[in-house]
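A, B, C, D and E are the chain letters, set down in written order, and residue numbers restart from 1 in every chain.
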Amino acid sequence: MTSFVFYVFAVIAVAAAVMCIVQRSPVAAAMWLVQTMFSLAAIYVLLGAYFISAIQVLVYAGAVMVLFLFVIMLLNLGHDARDLRGASAIAAGVVVVGLLAVELVGLWAYTPARIAREASAAAGPEAARAALMAGLTTQQETAARGVVGGIAAPLFQAYLVPFEITSVLLLVAIVGAVVLAKRKV
Amino acid sequence: MSPFDLMSPMGATMALLPELVLTGWSLLVLLVVAWRHETEQDSHLAGWLSFLGVLLAGATLGMLWLGGAAPLGPTHMIALDAYRFGAAALILLSTAATILLSLRYLDRQRLLAPEYYVLILLAAVGMMLLAGAADMIVLFLGLEVMSISVYVLAGFDRFRRSSAEAALKYFLIGAFASAFLLYGIALIFGATGQTNFTLIGQHLGSARLSLMAGLGLAFILIGLGFKVSAVPFHMWAPDVYDGAPTPVTGFMATGVKVAAFSALVRVLLEAFPAAAYLWQPVIAFLAIATIVVGNVVALTQQSLKRMLAYSSIAHAGYTLVAVWAGTTLGAGAVLFYLVTYTVTTLASFGILASTEHVGSRTILVDDLEGLFTVRPGAALAMAICLLSLLGFPGTFGFIGKWYLISAAVAQGQYILPVVLVLGSLVSAGYYLPVIMAMTMKASRTQDAHRQVTFSVAARATVAVAVAIILVFGVWPTGPLAVALDSAKSLGAATSGRR
Amino acid sequence: MLLGPALGLSAILFTLGVAGVLIRRNAIVLFMCIELMLNAVNLAFVALAQVYGIGGYMMVFFVMTVAAAEAAVGLAIILAVFRHNQSIDLQNINLLHG
Amino acid sequence: MTSSMPAPGAVGLVWLAVALPLAGFLINGAIAMARPRAKWLVSLVGPGVLLGAFAVSLAILLQLRQAPPDAPYVVKLWSWLDVGDLKVDLAFQVDQLSAVMLLVVTGVGSLIHVFSVGYMRDDPGYARYFSYLNLFIVFMLVLVLGSSFPVLFIGWEGVGLCSYLLIGFWFGDKANADAGKKAFLANRVGDFGFLVAMFMIWHTVGSLEFSAVFARAPEVLTAGAATTITLFLLLGCVGKSAQIPLYVWLPDAMAGPTPVSALIHAATMVTAGVYLVSRASVLFALAPATSVLTAGIGAATALFAATIGLRQYDIKKVLAYSTISQLGYMFVGVGAGAYTAGVFHLVTHAFFKALLFLGAGSVIHAMHHAYHATHSHEDAQDMRNMGGLRRYLPVTYVLMFIATLAIAGIPPFAGFFSKDEILASAFARGREDPVWYFFYAMGLAAAFMTAFYMARVMAMTFLGENRTGEAERAKLHEAPWIMTGPLIVLGVLSAVGGAINLPPMFGGHELLEHWLDPVLAPALKLRPLVMPEGSTEYLLVGAAVLVGVVGLIAGIRATLARPMVPARQAPPDVGLARVIYRKFYVDEIYNALLVRPVVWLSDKVLWRIVDQTLVDGLAVTGGVRVTYLIGRLGSRLQNGQLGFYAVLFVVGVIWVLRTIMG
Amino acid sequence: MTAFLASIGYDRWILHVLLATPLIGMVVVIVSPPAWARVLALIVALFELVVSLGLWWAFDPSVPGMQFVTKVDWLPMWGVSYYVGLDGLTIFMVLLSTCMMPLLVWGSWHQIDFKRRGFYALLLALKTGMLGVFLAMDLFLFYCFWELLLIPMYFLIGIWGSSNKLYASEKFFIYTFSGSLLMLVAIISMVWIVGGATGTYSFSYDHLLAHRDLLGSAAPWLFTAFALAFAVKVPVFPFHTWLPDAHGEAPTAGSVDLAVILLKMGTYGFLRFAIPFFPAFALSRTVSALVVALAVTGIIYGALVSMVQPDLKRVVAYSSVSHLGFVMLGIWAGTVQSVQGSIMVMIAHGISTGALFFLVGMLYERRHTRLIADFGGLAKVAPLLATAFTITAFSSIGLPGLNGFIGEFLVLLGSFGRFPGATIVATSVVVFAAAYLLWAVQRVFFNPLVGPENEKVRDLNFREIAVIAPLIVAMVWMGLYPQPILRRTEAAAVRYVETVRPHVQPTAAAPVVTAEAHP
């Protein structure tokens, strides 16, 4: 059942992504992208990441994409026939992307068992087991402290440094956006 | 200094003191800027204040470095070793020089937005984090902090279309590359369950890499290869370097590269030491392609700035030769070469920045004709810089190249050194015409170069750089020792290899 | 656990993002394709979090932050370019070349 | 073998014979540079040093005569080249042969110096002239005195240098400068042979000192080695002594002042080849094949040059070809192993040819002055402009007549004895190999022609009607005493010079033969001299005299039979006469076959094609250009299109993936 | 004299003084007023000359190895030291260099009329570089000096050269740079290979020479890299095309320095490094054959091409190709005579070609042309100039009694046993050498004096005589009494010969001459 739902959303996500990259109108492309993001949010739920699913909808589909749409509207970008590259460029793009896909296709075959096998082959069974235990621990944590609580604790303890860095990142983004946007030519 | 427990907030704070000081200082500057952002004086105030901040950060860095700061237990998120300090010091040097060189440049180009300096400082924070990252997360975030700042800096010249174009190109392709890097991090995480370099290294062990780990390694190489502008991921570099304001170009060519190379070396040596058999061929080909393309295309450039852009690509190729070695010696060579390269490149971009004036078209090589007669000091300094870039004995650059070649040769590698020197040969073909134009040709117009003026700060910066080039070119013992000691601190992963 | 399919979907979406970057000329749409790639990576992290736990979720957070920051700055840059060019068609943005 | 003790008496002062002319060179050279008009000092120093050297030579000769040494004296000045096992001292070897040469060089040299004082009196380059002449004597003495091949080579090349300078003495005229260069180059071809011979000698014998080489050579040299060495040596001799095929420089060398022609290109330098063969007689004796070739070249040259001499109008050209021809005789002599005969002819030839040249100089001097006085631009050397000069230059006429008789081989004049000895020795070799008879016949034919062309010269110059021109005729007069004096001395020597080696047949004691015996004995031991017996000898003498007399008479009659006109009015020669007049077009052939191809090759092929096109153009500039082209291509790829950059980026991605995963 | 020198500790400081004085002089010249530049340079040059003359006596000819040695750590972590010394191979290069220096300054006195400070400063810097190349016994140091030379020369040609100076200077730089870059890799590789095997990483010459056997299979590659660097500098055909341009366009001082010292660095490199390090490969049959073939080709080719040059300076330049071919031949023949001869050719070529360049420079100052066709008959108006030129030309031709002969004779004599055919071919150049120089002399100084410019040419003045006269004296002295020089170079030559002897391939005896009893 889970996998059936997964595949339904997967197909929607892929189809929406395809539409996004071939749609000539920027607004339509953006809407298709939002569609993909929603599908992904659904898949996150299937994968047990409820909180992530929520912020996917809030931050990505909500905030970020709105910003995109806002800019598209601001620039009054219409339906432009030239938005896609020429046929040869598209062909080249498809070819290289095809080759890229060929390299990546092997990822489909991954199962937790295979990961466990490879990990123990590389780092020895002890280390592998320790690494794989982490997933279980997280589930227990989540069960014990709630969806947000399971994430919050590590965020302010083990991941404190990156978390602080994100603040700097946002500061940079603010300053940068302001600097770029506030000036008139 | 007792070791820091990086897991504790206190320890992490101490370990990140330079970055924190710089961040805090940038907030302070931002505050000042909020009130004072109109005149040249305001701009200068922000600049000097930022310079002070860099000095402060440098002081704390020195404190950590000289105090022998070391982590208690395994590293966590941020490295605490001499290699990080060395790279950070170099980044601060580059930052300080960029600030000094920008002071008058911004006036001349009427870019009176003091936020410039805030962005410079924040970019430096990002660079330092990137260079010092011991964890993929910090690596990625540091890279983004740096990149986003630099995107903005590249587009900072609002009067020029080319500046905006440079920013757009840099941003789009940079984000594109970041996605690859991120995907690589994801796959490595998938293969090991870790993001810490050392732990990744331990988990990967010395077995053959699994599919996922291999893909991860490849994508990480690509992501970092983009940042060091290795061919074929370099295409953005000439355009962006060309379009960005000249001091920013200097900053990009030095600070960004220092950070990216340090990160690359650290990732390869700490996370993938046993996979050298996989990444060495890639690095080797990247090095060859970078050296060849950088040099050969530089040969045909008319614009001085663009020529220097290609030349900086070529230098990335040289540096990759030592990265290839994957040894302590190689790491030391990378760091050392980055020092020589940074000093020289900053000085040359500084001189270039001083020869530009508002509204002028791109500076062509021919525009320097007769510079020696009018501004002998500038011409001489430029000539020395170019010779150092060429790797001429008696200059810092020569010692650096010597070190690079040694690192490769020590591993029994001869092809890369040969490509390196052949690349240097080609580079003579574009460095020399500049020297020739400055010293051997007569200026075309009576009052050529009269507008070329150097602020005291720029003059001092260039003079110091040239002095470093010459003094360390003859007596490099100090920096050599520092570079080698720093490389040794890269640690356990490199054991067993000279 | 839906590990393989999720990773596969992630790969497909990533590849589609790359394809979008290669075939589009509009800077904003191109940027959206990059966002798609980041989403694909997020999916991979979430999928892997099933095995490795919290680390994957953490990465997703940070990636989202980065994406937001990039969006802010990126769109500002696009605006700046638009002001100069009255267009964000990348084919017209080639002042710098050679 | 080498007496390393300090040489006694006059021999020990042999360096003085060299040093005096050297001092003269330096003084005259300094004067030439600083005060070219100070002629009196030059006139004093120039001939003075020569006379001093002559005195030293005479003293040495007397000392050797009084106390003949059993080994040559070697006077070491200093160590020149001492490298590894190569040891060459700058040393002079004094023995009977070098003593003779010393005397000839300084003696004839002195006379010519004295003559020059008069001849060159009005020349602006007077001091320069004497400095060159002194320098020549220095090198000539080094040549004859050198105790080893390299030292001899110093002189050998040095005389070539002086010859170059003196031929081109009036360098303002391109022809003169050309002639000097040509002489030097032709000599250099010979020097190449000399050098290679030296290398071979050193690598086979292990020394370059004469005494050591000649002592060891018979033991260590195979016939093949000796032949090769001597062939290369012979090349050197052929160059210096103007034999076929390298003779072409000598006629042109007449561009120099006439006393120079007398000294360098008749009496001394050109005989160096003969001297060298005699000096290296041991080596040549070891290589009979080379000896035959030597004689063959000599005979051919003698005949060939004499033929050309028949139809020349320039008085000096005739004498030049005559010199070549006479040198050919000497080669026949030394080739036949009759080294004494060769040296004998060398000496007598020095007397009579110097006399002929100086006499010609006297004639030219007179002609030149005559034309100069009337501002006429006629050729003062063309015999067609002369005629009947015996009335105006009686002394010269008489003396030149003696010389003509000497060169024509009329007894009892000097040339008769020496030439006869050479021909006899060649004839006698006929018993070993019939080819020698052929050489003899060529020699005899050449002797006839010699008599003929000399008679022609005398007839055209001194006999018949004068063709100089009305106005000029009045200005013709005999040379001053300073010029005629040396002529008289040489006349006497030409007349009685044969006495120094008068054969027993004529009641003599073969003085020279005995004198040179210590030097030549080793060679003669290896290859004994063959001489014809009594009756044959008389026959040969008879034939030689007959040929000479007939030739003289025929020459005079044939010349005077036809009316002659001055050169300006003379019709050009036609047919064979023209071919001979143009010297069988040898110069033109050399030019077309050797000189032009080499210059063409150097210019068009080596420089333009190899250097500029292939190396510099294709390899160097081409490499640079290709690099630039690649660069331009790369620059073209950098087209500013972000989409394209992304494509390349992804291509790179795939490439990295393939490298790592593949 | 020796005692006096010992009493002042001459052998301890002389080399450092020689190296440092020009550098100090350079700084002084730069900071002084332009008008003083030439005087200061002359003072420095004369000081250098006087000081260096002591070497003549202080040098001990019986010692085959290095003298005046100093070794101080420079970059100890890399095994680099300041290691200088002098032996028979180099003493005359050093003396030649110091002796030439005052003449260069003196000869440029009026010729250089702008940017004087720069000119003399570079000239002095060049001097340090040249001396350093010959004195350095540490390969790192050697390489530094080797490359450093390029810069002053590059500027000398590029700033003070004649019409086509830019092309010539860049060509010079890139050409020679290309050769030496591979040597850089080779040097580093050698140190690492030897270091890896012995545990001692050192750039010292002795260390590397002592362990040359460890280089093993890398030797061919390393040799090739070294050889390329040196071959370009020599220059060996076909790497010579930079030379005519550089010589032709350089100012007189530059041409002279090029001829006197720079070209010798290449042959010196072969003698000191390329062959002693890799004797087995360098002297193998194939390599010998190739080098000798190139050397002989160069000898003949240089002479022939020289003959048809329209530009007087290029005539001399190509003649250098020819002369240096002799040096190569002699070095490869590896006999005492040939090696001594090579050294002699190096010295003699320096003096006579240097003098020729001076003279051509003087002609150029008078007529502002170097095209032979523009001259003619100058001997009439400038007899001293003509005489000096002729003497020098004959020295260059190799007239016995002048210096050119000694070297060529010894080289050919020594090489004949090893390469008879090649030697004979090389000997034939005596004809062509005479041809190109005499032809040039004739067209410049002889022939009719035409053209008002030529008639107005003045003769040498006192300054010019002072420049040329010492050189002519040296030519005669070396030609007649070379023994003092030969004696001082002998020990080093013998050492070289002994170093390479085990590797000399036995060759067939001369095809026609068989040596039976060689004493």
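A few remarks follow.
Following the convention adopted for this analysis, a residue touches a chain if its C-beta (ideal position, glycine included) is under 8 Å from a C-beta of that chain, and two chains touch if they have at least 3 such contacts.
Every value quoted in this text rests on a predicted model; they were computed, and no experiment measured them.
The chains that touch chain D as well as chain E are B.
Touching chain B and chain D at once are the following chains: A, C, E. The chain closest to the protein's centre is E, with centres computed as averages of CA atoms.
Most remote from chain B, judged by the distance between CA-atom centroids, is D. Of all chains, A has its CA centroid at the greatest distance from the CA centroid of chain E. Looking at which two chains touch through the most C-beta pairs, you get A-C. Centre to centre, using the average C-alpha position, chain C and chain D are separated by 96 Å. Centroids built from CA atoms put chain C at 8 Å from chain A. In this assembly, the C-alpha centroid of chain C lies 65 Å from the C-alpha centroid of chain E.
Centre-to-centre spacing of chain B and chain C amounts to 26 Å, using the average Cα coordinate of each chain. Shared contact sites, meaning residues of chain D that touch two or more other chains, fall at 635, 638, 640, 642-644, 646-647, 650-651, 653, 657, 661. Residues of chain C found to touch two or more other chains are 7, 10, 14, 17-18, 21-22, 24-25, 30-31, 51-52, 55, 58, 62, 66, 69-70, 73, 76-78, 80, 83-84, 90-91, 93-98. In chain B, the residues that touch at least two other chains are 137, 141, 144, 148, 151-152, 155, 158, 167-169, 172, 176, 187, 190, 193-194, 211, 215, 238-239, 301, 429. Pairwise chain contacts in this structure: A-B, A-C, A-D, B-C, B-D, B-E, C-D, D-E. The residues of chain D lying in touch with chain A in their complex are 643-644, 647, 650-651, 653-654, 657-658, 661.
Residues of chain C that touch chain B in their complex: 7, 10, 14, 17, 21, 27, 30-31, 34, 37-38, 40-41, 44-45, 48, 51-52, 55-56, 58-59, 62-63, 66, 69-70, 73-74, 76-78, 80-81, 83-85, 90, 93-98.
Touching chain D in their complex are the following residues of chain C: 18, 21-22, 24-25, 30, 90-91, 93-98. By the touch criterion stated above, chain D contacts chain C in their complex at residues 635-636, 638-643, 646-647, 650. Partner chain E is touched in their complex by these residues of chain B: 387, 392-394, 398, 401-402, 405-406, 409-410, 414, 417-418, 421-422, 424-425, 428-429, 432-433, 436, 439-441, 476-477, 480-481, 484.
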